[in-house]
């Protein structure tokens, strides 16, 4: 055990305007303590993460079924993707995951400057991911006619089921990209609250922790999407 | 779950401890401060595994295309998914700190993965086994879709400013190729396809995906030979 | 068009069975299904009466009396609870096994079964016989005329089914059998009609839109010799263009939505349509009295149904592009002309055909044998 | 480590001890206070009002469906006043009402109405009904908590529910949808008329899913974290067990319908083709997606009903529930098995192997359900059974739910299902389970907890009359439909062959009694609110924590945080709160049996 205080040691001082936000925080009265509330919030958030996993389960299931039925179409479609951009995006997300974990560590150690640095790197990574996705992946492919469903306009397909591949590709990566954007917004809000109100510190960092969990989940989904979409033969 | 251990009452308040009203044994979970070194090592491991999965895919390609080995198509999935699973476990254990967290959260997460597994396996059980009794039940009647009632906007507008809608006849992939052949000639498409696939000759032409519907008698005999091979395996 | 008398099947399985079913099942596999159903019914009735009897008895016996407390009694009993978990489970296993067995029996056809291709479409059934023939017979059922599917008595028949548009379901209640019909793949089951002269309803059991409740057919069971003769006759090609047109219209299920006697249906009627002006949904009008205009209008309406929408009718029709042939469009046009009293209609058509046969000898317009038409 | 505050602390709102219903200021500010409340009781009441409104809408549609089926649609020759004969359409009541022109248009109106009925009743009434209204109100109180774990999230769930319902209503105003509540592709994706209507209806269902997820998540955390001192897992009332199991299902299954409906919206708007055979997709894949949610959700509908029945029977028989643990574990067992039986909705569209596996698993789910019914009936033995409206509803539930459950057997067996699938037999079966089970339990629970929620008693005689009318009307309406189904009447038919007319007319007459019964209940409740006598805190002599507080409960539920001293069903040994031991004799001739242990 370190000597650094944790949420169990939270002693709210709501009336002290000079105290940082995390010290002024008062747990909701129907909880017995701040630690109890933190535990409840985390359990609630893990349940929410479970629903997110099952949301993507539908996309993974559609992917698996169509790959089972039309393996050639999926191999052909996958060859149109550039492993370089996919791999770079994987690296970007992994680094951002690391910085988010570090930022929570910094909050627990009361190192606000490094907390902010880590969060800013994360947001830069998120922006890089989205830019790479849209500029170098969606853009050129859309222009070539490699589009989902009825918008498909690419005459040089090698398998008549390729439109389905593109539908699965755009739906899966599109919904994932949406989650990247939502996660980035959550983390940006955390950054704002931390800069403005010094909201996160050793005894109170629930929002930051949960936003971090969300970001890791986004990373987790991509860890599976990347080989499934980019590395088929 | 030490967390939810019930206090057994005896019809009175004898079992009640005011300092520990639920009879919970609090474990100090969720407040573990990760060491910076651990986080960095995990990141490096994740990056290494990303390199490994890309490398493995390159080796597979090399073995198939240059050395002419035949690798079963599930090998690709098994290798890629095994590496992804290791990466996911690293993220969940350390970045998301489940190792140091309330075990209830791990249970929640495992439950949702279990639900996902059920979803995927039972759906595949049906869609992968349609041909058990009558082989002709498995493949699609017309590869690439029936094309019934498909329309799309061409992106152009008529003189009244209304968007022009084109009717798509038959599978979308075949339609797109037919349009290109009409516009630029069959030789153009053949040449482009040959550039795309230097190794093998692809069948070109509208006949490949001509609608095979509405004709009485033995419909499936008319379907292109390649279709039967795609379904249900 | 014949109106059939619908047979009621013999009822030999007892009065309770008679409450549930309109007569016995029409083949032995159906009888096996009924037997399982009735077994389950009596099994359920036993438990239901037992439980409800206990409930009512105890509620009356132990009703609350002021000042009298509820006597203390056991709040659980492990052996009892194990028994009432295990014993029903064994029965349930038995029901599952019988259900599975009879299901496989109904699904897997014998190898010598006659294969009939059934096509479902909004909102009609077409049955194509092995020689390519389609039954031209219809019969009134409910509010519409439905196709008659003729089957031979005593022969196993396998239905190989697909759909043109949405999911349908081919249900023959008398045979206790149905299966869904899909647009992208075949499904199948088999039956064996037993008695010549029987008629059986066929219903669409999967919701498919406006005329779902009109999407029916009638199975007519005939002697095998009669079946062979009918199918051979329907399979023979040829006829006048309007006869070919009627057959094509039947094949593509046009009569599910278009009447030929002037009544309003999902789509406009074909009676007296040809040659007359048509008000369109966008306010304009298809001018009458012009053959070119009308021929093109019919063609366009088949291939791009929404292009010129008849005022007051929903944009419901599927495009037949890629499904219908050019010849069939010409024949259906001729058929529409034959249904019209307009000067360009039946009269002009007959005059033209008379003139043609005069100039070309006895050969009819389509160059095929004029004899052996469906009617 | 924290200590328990002896009284509720100052941070949580007002100090006065008026009930949660007491208006705090002028009308407008009261309305604003309700609209922004984070009090689970007010949110529960708001859900109750919203759900009952949607129930009314769905009920109107149901009556319209039954009225249309009074006669089949037929073309008949009719002599006109001018002497000519003309073919006219008869029997299309809804078609005439909405001035539909022709058979197809008339059928279309019917199709829209039954879709409306199904979608509203499933997504907006039965799924959220019990958990969101009674569950919201009583889950924290029965746990001895001040509120749910996340009160603001709870309010958000209500607004999400309302938003989803508004989208659905918007779709109806735009003309409704004719897809059926199951939205099967490719009909819903390309063929159903009304482009935006369909999108809005699907969007509405999608949004409602979020409401379910958030409510479920809230209840799970509340159950884990906010049980009062002394309350272990096996001291929880069975209603809590049921809501807890329900919430697990809602959290695990609802996201799948979320992605399904999202893909269906993409399908409708952009034709992505994953579920559309026209583009090479697979319609059966949609059915798997849909039923992976919609089968477990059947237990989201019925489990809370079962929880209510456990409470009703125990309280009104003054008996420990027989086999408390078996009933509690049966709830969890049903929740678990519910995820592996969805294929029994698709026996007519799956391959043989999957059908066989799913049929076998389906019979497994019958076992915990049967165990529950046995336990409830065994609880009646040697009880002190009050004959009142809640108890009558409990008996009606046992009667109707048993029929519903037993008629599931031929539907689970493959051979019989291929005859009964998509017929009126299925319609009757699921109405016996969903309405005879869930709605009957809901109405029973409403009568049971009405005095607690609103502090007023209702007229027992009129309520019993309503119950009798509902019971009789229900059986007349739906029992006939079993016969219709076995004889060959397919579901979702706007018209039918002449042979079925008699049974359809019997069914329609039954629906009028059903309507009358609900109107009697409505009248009773309104009368109770306006002129009912004030309810005592514990009118039935219940032992669970909600009977310890005032009727209606005070703003913070309890004056002091309760400490659990007896099990929820220890009727053998405990005098209920607010009762004088002198007035409440206990049987002391035999030694007490421990309940639940």
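Note that the chains take the letters A, B, C and D in the order they are written out, and that residue 1 is the start of every chain.
The rule we apply is simple: a contact is a pair of C-beta atoms (placed from the backbone, for glycine too) under 8 Å apart; a residue touches a chain by one contact, two chains touch by 3 or more.
If you're wondering where the values come from, they're calculated on a predicted model, not measured in any experiment.
Participant: Count the C-beta contact pairs for A-D and for A-B, then tell me which is higher.
Facilitator: Ranking A-D and A-B by C-beta contacts puts A-B first.
Participant: Which chain maximises the distance between its CA centroid and that of chain C?
Facilitator: Result for the farthest chain: A.
Participant: For chain A versus chain C, what separation do you get between their C-alpha means, in angstrom?
Facilitator: A distance of 51 Å separates the two centres.
Participant: Can you give the whole-Å distance between the Cα centres of chain B and chain D?
Facilitator: 35
Participant: What whole-number Å value describes the gap between the mean CA coordinates of chain A and chain B?
Facilitator: About 19 Å, centre to centre.
Participant: Which chain D residues sit where two or more other chains touch them?
Facilitator: Answer for chain D, listing residues that touch two or more other chains: 1, 4, 186, 191, 224, 252-253, 256, 271, 273, 276-282, 284-285, 288-289, 352.
Participant: Touching at least two other chains at once: which residues of chain A meet that condition?
Facilitator: Touching at least two other chains: 8, 32, 35, 39, 43, 47, 50-51, 53-54, 57, 61, 65, 69, 149-151, 160-161, 163.
Participant: For chain B, give me the residues that contact two or more of the other chains.
Facilitator: 21, 26, 104, 111-112, 115, 119, 123, 127, 130, 133, 137, 140, 143-150, 152, 171-172, 231
Participant: Report the complete set of touching chain pairs.
Facilitator: All touching pairs, sorted by chain label, are A-B, A-D, B-C, B-D, C-D.
Participant: Touching chain B in the complex: which residues of chain A?
Facilitator: Residues of chain A touching chain B: 1-2, 4, 6-8, 32, 35, 38-39, 42-43, 46-47, 49-51, 53-54, 57, 60-61, 64-65, 68-73, 83, 87, 90-91, 94-95, 97-98, 100-102, 105, 108-109, 145, 149-163, 213, 216-217, 219-220, 223-224, 226-228, 231-233.
Participant: Flag every residue of chain D that touches chain A in the complex, lowest number first.
Facilitator: 1-2, 4, 8-9, 11-12, 145-147, 149-151, 153, 213, 216-218, 220-221, 224-226, 251-256, 258-260, 262-263, 266-267, 270-274, 276, 279-282, 285, 288-289
Participant: Show me the residue ranges of chain D that touch chain B in the complex, using the header's touch definition.
Facilitator: Residue list for chain D touching chain B: 1, 3-4, 186, 190-191, 224, 227-235, 248, 252-253, 256, 271, 273, 276-282, 284-285, 288-289, 292, 339-340, 342-343, 346, 350-354, 357-358, 563-567, 570, 573-574, 597.
Participant: Which part of chain A faces chain D closely enough to touch in the complex?
Facilitator: Checking each residue of chain A against chain D gives 8, 26, 28-33, 35-36, 39-41, 43-44, 47-48, 50-59, 61-62, 65-66, 69, 148-151, 160-161, 163-164, 167-168, 170-171, 175.
Participant: Help me check something: in the complex, which residues belonging to chain B touch chain C?
Facilitator: It is residues 130, 133-134, 136-142, 145-149, 167, 169-170, 211, 213-214, 216-217, 219-220, 231 of chain B that touch chain C.
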